[in-house]
Amino acid sequence: MSSQPTLHIAVDSDIQLRLLELHHAQVYNDLTNRNREALAVWMPWAAYENSLEQTQSFLQYKLRQFADGKGAQFGLWYQDQLVGALGLNDLDREDSKVEIGYWVDTSMQGKGLVTRASRALIAYAFHEYALNKVEIHCATANKRSRAVAERLGFLHEGTIRQAQRLGDHFVDMAIYGMLASDWREER
Amino acid sequence: MSSQPTLHIAVDSDIQLRLLELHHAQVYNDLTNRNREALAVWMPWAAYENSLEQTQSFLQYKLRQFADGKGAQFGLWYQDQLVGALGLNDLDREDSKVEIGYWVDTSMQGKGLVTRASRALIAYAFHEYALNKVEIHCATANKRSRAVAERLGFLHEGTIRQAQRLGDHFVDMAIYGMLASDWREER
Amino acid sequence: MSSQPTLHIAVDSDIQLRLLELHHAQVYNDLTNRNREALAVWMPWAAYENSLEQTQSFLQYKLRQFADGKGAQFGLWYQDQLVGALGLNDLDREDSKVEIGYWVDTSMQGKGLVTRASRALIAYAFHEYALNKVEIHCATANKRSRAVAERLGFLHEGTIRQAQRLGDHFVDMAIYGMLASDWREER
Amino acid sequence: MSSQPTLHIAVDSDIQLRLLELHHAQVYNDLTNRNREALAVWMPWAAYENSLEQTQSFLQYKLRQFADGKGAQFGLWYQDQLVGALGLNDLDREDSKVEIGYWVDTSMQGKGLVTRASRALIAYAFHEYALNKVEIHCATANKRSRAVAERLGFLHEGTIRQAQRLGDHFVDMAIYGMLASDWREER
Amino acid sequence: MSSQPTLHIAVDSDIQLRLLELHHAQVYNDLTNRNREALAVWMPWAAYENSLEQTQSFLQYKLRQFADGKGAQFGLWYQDQLVGALGLNDLDREDSKVEIGYWVDTSMQGKGLVTRASRALIAYAFHEYALNKVEIHCATANKRSRAVAERLGFLHEGTIRQAQRLGDHFVDMAIYGMLASDWREER
Amino acid sequence: MSSQPTLHIAVDSDIQLRLLELHHAQVYNDLTNRNREALAVWMPWAAYENSLEQTQSFLQYKLRQFADGKGAQFGLWYQDQLVGALGLNDLDREDSKVEIGYWVDTSMQGKGLVTRASRALIAYAFHEYALNKVEIHCATANKRSRAVAERLGFLHEGTIRQAQRLGDHFVDMAIYGMLASDWREER
């Protein structure tokens, strides 16, 4: 990894989760542009045009959420290159839970990067934020995403019909959950 | 019903759903005070002290949500008396769905008021807002609430573990859903 | 009238005043476009270009006013068609008064729709909001508008010189008023 | 007058209208406290308790109005002492008009201070802001205020019934107006 | 000077500092356009395009600062013509200090206008705002500006390296200061 | 160090700079309370009462600054204990500079913690934010703070008289600076 200091959650000797700040807009925009086609299959936002200005607004929005304790967006850096993103979404202190999301550059799939990084992010959520539950929501037909949730030991709690609009149709969403008690036990 | 004009959704000759405005704060506060004990069994907010000022803030908050097209809070008026509340919560235009919530004065339970009023509110959501889905979320152990969802023809889509904090513990939530296509068919 | 539930103030078997919401923008924009020429004779706002985006902003603005208890904008629905608009403007709780405004599609003039709908809106203001006074302000030369105020039994209280800019000149405004005590007596 | 520089509109060798800023809160609060009883006869706001904090909030509010081009609040300094206040209220660029208000320490009444200061403020409104009309609104029974309006050459344009709440009752308001054309002629 | 009332700080029989308001946008924009080339040598903002809309935004921004007690922007009127600008920047009540800035039309340089006007503004800052210190920050190579600071009796307190970006390079800034105690002594 | 993931800038095997979030309010409040007396000698804010609510507001404020790219507040964790704080203050992208501040628990002084942590923070500012300059401002009489600046290789650029209010008097501030070019050279 880089010998330069960064603001990050350490995953292992190859991977850092760095909090995405405004000065990352260009490199993050480049990454999403390289992956737009693959992203648009499952992510509603990826179908919109995605200028640098929109990426800046998105990062600003997520940083304000972070400032208010309602979420966070991290970049996945692998060997000092930005290759993916993981988010803490809808962080809800009242009900003590959060939903995590993730995606990785298509050329980096198959190395287990998302699974390793998610494990660190889940530990961060349970340990640092002392949350009671972490959820993963993914389209039922998104096998790669569901495989991550299952590999991480999450329980499939329900399939919510037509829960998300994706272009001109609606997709069913699988809800996976891990309780703090599950997590502590497993370790 | 009153011969005076009100801003409402008509349910039947006995029942009106009136949009709750700031001038209803006193009567709504009285109603919640009379039902606090029963409400607190299932509704996290009911355990907090609930002054007139808090009720005013709550109504102001829901009116701003209404102004932004993100929800609405209605009072259930039965024979010109406020006896309950129904809400359109988390109205989500992007994914074209909404969650409805409801409660009624304990002394008015058993008359089917909530079921009748919910039917009108569901028709309003599907017809006037052209939504694709209506959901009902209720604690799995809240039998009365689940019975309403089932009587209305909603499908049980999942049971989300420890999804809501209720005082010192967490409760599992049943998610029920009705699609616009279900609703049109049934009529 | 429609058998579908709407959020409205009932006027009579033909007329409903529905609170204008964001999803009404298209139909409201169409109505103003059909009447632009006639509206521009007396209404300063009608002279501006009036895109769908501007109508959405206007409705959003009026809904925020409604949320803050400072006004409301209603559509006049006649036999389930939007044919005009009535507003509660400058609703002032401190001095317990409001000004009402109104206009109707030129093809619908002469049926007394505005007078009937105004009566309901005035009753709503006095009964539901418990106001002390309703005013109507109209250009002195706007005979049709003045006739409505007089037919409704309002008193002409003054003529304010050059009170409103209309394009390149200023027009005098007649101020009409009805006190809550007048209204109760008359009924 | 003081040899120290101030931000003001010059009236004559004895009188300055200084824009009220946050650092004037203490001296302005003292002045209103000395005159509370007299002010409360005609000014609704004077009946409320009037702490230094409330005066600071009021001045902050008027300064924000000034920043937005919607009004201004001036102190009347006579021989370097704050003895009254004059305001530009509801400054309306769209209709090119403003309402002025005024009051003076009871011990300073009878010297024509308000009339002299109002003349300068009216000239400021017509010349600097290029407005088309200045109005004065005062309770019909407030003889002293009406005398100022008449002495300044304003025309009585109407008497609006129960236009202002004053404690437990409503008072009629006389509306006086001066057009830019009247003003230019008179000079 | 004009016989019309203006809101100003009097400097002498030829010069007024008028608080810049929104209606001055056109004349202020004209002045900056005439001086753009000269201004851009030392003022970073002058290099940007400078439409009327940008000038309006700038004045609005400075008026909001003024409303919050954090600064003020004045126009320098010489014989009733706008010929320059002086600002109270970063007004800091907590540390009781302010920085002043100034510039004048190139055709008006050499008459001592800035020095005379600055003296009045400094007196205003010390007397009316009761500040403890006034500073002047200027690029070390800006001889004209430094000469003003020195003529006014300010002390050179430091030279901060590369403190301001000017186009594609950074310039060193000289910091000059005058304490309230210096000012009182000198008079 | 803790085996649990944290969001941090790594300094060395003993020290982490963790971005201070809302959930750190209690531990940060405890630390400032233990050091209040020593802090109040040089830090104006330390003299105010410092409840948990105030600490929460302070952290919220710094997180909003961070979200807007205008600063950041870090806790200094030594062997997994919070023992001090370092800040990026007045981060100014336009002029490409930032000021850093620091303090450490009195019981931890003398171990060089602040110097080591500052080196990492300075590297972060120059490398990650690509700034052109880092400054340190400290009271001239604060020898410990000045020694850190000098040990880090900063240049003393000026002494600004009475630049900061500290209780009932003003203190002179020494300004130290390091340019990006100095920093690169030194490494």
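As written, the chain order gives the labels A, B, C, D, E and F, with residue 1 at the start of each chain.
Everything below uses one rule, namely that contacts are C-beta pairs under 8 Å (C-beta built on N, C-alpha and C of every residue); 3 or more make two chains touch, one makes a residue touch a chain.
The structure displayed is predicted, hence computed values, not measured ones.
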{"item": "For subunit F, the least number of touch steps when starting out from subunit E", "value": "1"}
{"item": "Copies subunit B and subunit C touch via same or different residues, half shared test", "value": "same"}
{"item": "Relative to subunit A, chain with the most remote C-alpha centre", "value": "D"}
{"item": "Separation of subunit D from subunit E, taking each centre as the mean of its C-alpha atoms, in whole Å", "value": "31"}
{"item": "Rounded Å distance, subunit A centre to subunit D centre (Cα mean)", "value": "59"}
{"item": "Gap in Å, rounded to a whole number, between the CA centres of subunit E and subunit A", "value": "50"}
{"item": "For subunit D, residues contacting two or more additional chains", "value": "none"}
{"item": "Category of the chain touch graph - line, ring, star, complete, other", "value": "ring"}
{"item": "Subunit B-facing residues of subunit A, complex", "value": "44, 94-97, 132-133, 135, 155, 157-165, 170, 175, 177, 179"}
{"item": "Subunit F to subunit A touching residues, read off their complex", "value": "4-11, 19, 21-23, 60, 63-64, 66-69, 120-121, 123-124, 127-130"}
